[in-house]
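The structure's right below; bear with me while I get my questions together.
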Amino acid sequence: MAALAQQSIVEAPQPKTTGYWTGVWRRLRRDPVAIFAGLVILALILMAIFAPYIAPADPYRASSLRRLRPIGTAGYPLGSDELGRDMLSRLIFGARLSLFMGITPVILAFGIGSAIGIFAGYVGGWVNTAIMRTIDVFYAFPSVLLAVALSGALGAGFGNALVSLTVVFVPQIARVAEAVTTQVRSRDYVEAARASGAGGFTIVRVHVLGNVLGPIFVYATSLISVSMILASGLSFLGLGVRPPEPEWGLMLNTLRTAIYVQPWLAALPGVMIFITSIAFNLLADGLRSAMDVKQ
Amino acid sequence: MLAYLARRVAYTVPILFGVALVCFALVHIAPGDPLVSVLPPDASADLQAMLRTLYGFDRSYPEQFGRWLWRAAHGDLGTSIATGRPVTDEVFKAVGYTLRLSILATLIGFFFGSLFGFVAGYYRDSLVDKAASALSVLGVSVPHYWLGMVLVIVFAAILGWLPPTGAGSGNEGFFGSLRFMILPAVTMSVIPMGIVARTVRALVADILAQEFVIGLRAKGLTDWGVFRHVVKNAAPTALAVMGLQLGYLLGGSILIETVFSWPGTGFLLNAAIFQRDLPLLQGTILVLALFFVILNLLVDVVQTALDPRIQRS
Amino acid sequence: MIPEDRGGPAQPLLTVKGLLKHFPVKKGLFGGASAKVRAVDGIDFEVLKGETLGVVGESGCGKSTTARLLLSLIDPTAGEIVFDGERVGSRALSLKEFRRQCQMVFQDSYSSLNPRLTIEASIAFAPQVHGVPRKEAVGRARDLLARVGLEPRRFAERYPHELSGGQRQRVNIARALALQPRLVILDEAVSALDKSVEAQVLNLLLDLKEEFGLTYIFISHDLNVVRFISDRVMVMYLGKVAEIGGSEEVFERAQHPYTAALLSSMPSLDPDNRTEVAPLAGDPPNPIDPPPGCRFHTRCALVEPVCSAKEPPLAATEGSHRAACLAVQPGSGHSLAPAATSVELAA
């Protein structure tokens, strides 16, 4: 026996122990694009949180005398909108609702979709078939169409827009969750856990969740960009946030009438949506490749 | 192949049924009595009861759904509350416009997308490749309704080259009406362009990495021969992606149509939502979703037919 | 939790009766389950206390399915499993209690360890399921690691990807032993290892067996390894038992032509011992629709018309050695069948 122990020590190569997430973080740190995107997102979030301290003016204070001032006007660094409100302040405050409306549906859908998908994937059999066929029905609608249809039927409003977007993303996340869970379920370590007499709930908690949440999470982050565009899109259509709240999509809509007067000013809110959406896309890409490495 | 076809069609039937059920439910998840939208505000109780019976709202949900589905299957989607005309007529008129725009956008997107993707895949890790991948990230990240506004600003408001909105009066002739389509179609083409470019790049890089192709090139086969081989092998997947994108555009055109006041289904939906014209909303969504499901089916079938190596189970 | 020996040493630890597993497979236009894979098609055998039963057979003959059936990882279509005198799933022996006493080591050492758990957590999982407090379970895990030759201080907190294949398989063995089972099923447990590592692990298995009084079911396609480690051997073909008997008897005096063919296709270590039987040609038939009569008749060198008409029972040939071949069964109608003895004629 001693001889055996001796031999196995010779076999041992690596000196240091690394957990999964440590490795992911180490690889992510070496990806300058992802880090930059992450910093942009961080900056946007900080801007949203500290909007009252950063914004130079009250985003709601209108002035019929100072409408549609061009970019660079004294006192209005980014001009003023069609009601004479300070653009810069509205863009800063706009981050609050826009980010909230873009991110929340994905978080909600991550929770609900993962639960549905993991359940279906772990249970398998006809329960799985029934759940996944239902999910397929929602998948049969293009996302924009489904979001507009639901919020159109429910009626305009902030809450309804959130609900609609969540419903759009739940099937997409559930599909991914089901696929990875089905894969993990057939691994020998899950079999071994079953063979040790553990119940389904314990197995999911200890052996399934840790292995499926990562991939589902990466997929969900890649949806945030789409969600930002869709959420602002709903407000742009008048289905989301209502005036006079500052929200980028809604601002874009109300400034449409001004494109002949102040064309570049009218395009500003879209720039914010664009930047946010690119940043989330790049971060999601970086996260995906950082987590994709086969260990 | 035949067995696959039958299975694929059989799988689509319950999906179609589910889609119909969701569209039916749209009217019933709407807040308030569905009758309110068709009632004059001062309607008497008698009139209310009469209309309720007329529209069948007094029956059980399954019964209502059955009747609605039966009529829909015969092309009757009810009557628009706002215009009083059959929903089917309204929708099909609008679908024509949307289809025109989406097809043009898909073609533009496919052409430039495959071009970028091909060059990027052929010269991997070159500057062109990097530019192409940057472009495709921008393509999928851009809020297209905003892009539409920017194009209107540049080409209509500032340069004055193209009309900003609308589809024209119908008397401009072919090229005259094409002018109206350019901006919305280009805006719309950005999404499929990015996705097609990504797909084609991966496909081309994959094919070129096959030992067989490396062998061909080593044997001194001309670039033209290699090119033909690559095109032949990449085409089925690229075409499938294009077909699916067309489906997405058909259903996703609402924002762009709103920006350009293009009289298609998106515009119709917008009107239906703000006039609370629920039958019109329901009918439009149903038709668009059916288009999407059937297009998916067609793409799958055509792809299988083109590429029998694809294993499907 | 000292393994209680209820029926005494003479009672088999495991008795399998008529075990059957048919997997429905989709076939036909609308996915109706119109065909079934007869993965395990009615097998009976016993595992004696303290022995190692080797199980051999070509790929796809149902070895892993049998193992999974024994652990109730999949439900049998029919059949009964009796563990030390008690039917599994009866009131006297619940499934959970049976699973504590019967554990398994899988072939793929990597996919059988959860990549997100440290190896000590993987080993400590099963005892925790059975109510051992975490601290104690981890302590036991570390003891076991030492016992299988992995120094706990160096290895306990590592993740599976930081170990070599041989080390991982030692972890899997420790994990299986953590519940102090009486029966351990080893499904191709050493097949994926290098020869030198394989030898170390085999020796470890022998040591552990002695120390903990274990019984093994050892599944492998490597006949040399099976011969080395097994007391008795069971040969499977297309979901059925072809031959079963003492290791020496089966390897020296194979009764079934299939066993003989398997043996002749293996590189023998002993040149005097080569059989004259032609090695196996071709692949086994499809288990969805196995040949009638003797399942081996499509590939058998001794095939005769009677073989496709009559299914040979698994009958004793000498002592506890049994084979399912008409050519060795008296009165079967096969021309090579030995003359019927008076005992059998009377029966």
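For reference, chains read A, B and C in written order, and residue numbers begin at 1 within each chain.
Keep in mind that, in the parts below, a residue touches a chain if its C-beta (ideal position, glycine included) is under 8 Å from a C-beta of that chain, and two chains touch if they have at least 3 such contacts.
These numbers come from a predicted model, not from an experiment.
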Central chain (distance from its CA mean to the mean of all protein CA atoms): A
Would you mind checking which chain's C-alpha centre is most distant from the centre of chain B? C
Rounded to the nearest whole Å, what is the centre-to-centre distance of chain A and chain C, using the mean of the C-alpha atoms as each centre? 49
In angstrom, rounded to a whole number, how far apart do the mean CA points of chain A and chain B lie? 24
What's the distance between the Cα centroids of chain B and chain C, rounded to whole Å? 56
Where chain B touches two or more other chains at once, the residues are none
Parts of chain A lying in touch with chain B, wherever the complex brings them together: 133-134, 136-138, 140-145, 148-150, 152-156, 225, 228-229, 232-233, 236-239, 249, 252, 256, 259-260, 263-264, 266-267, 269-271, 273-274, 277-278, 281-282, 285
Residue numbers on chain C that touch chain A, as the complex places them: 68, 71, 73, 95-97, 99-100, 103-104, 106-108, 111-118, 122, 125-126, 129-130, 146, 149-151, 154-155, 157-159, 161-164, 166-167, 170, 172, 175, 179, 200, 203-204, 207
Could you list, by residue number, the parts of chain A that touch chain C in their complex? 1, 4-5, 7-9, 11-14, 17-20, 187-189, 191-198, 202, 206-207, 210-211, 295
Taking the touch rule as given, give the residues of chain B at its contact with chain A in the complex, in rising order. 14-15, 18-19, 21-23, 26-27, 29-31, 137-138, 140-147, 149-150, 152-153, 157-158, 247-248, 250-252, 254-255, 258-259, 269-270, 272-274, 278, 281, 285, 288-289, 292-293, 296
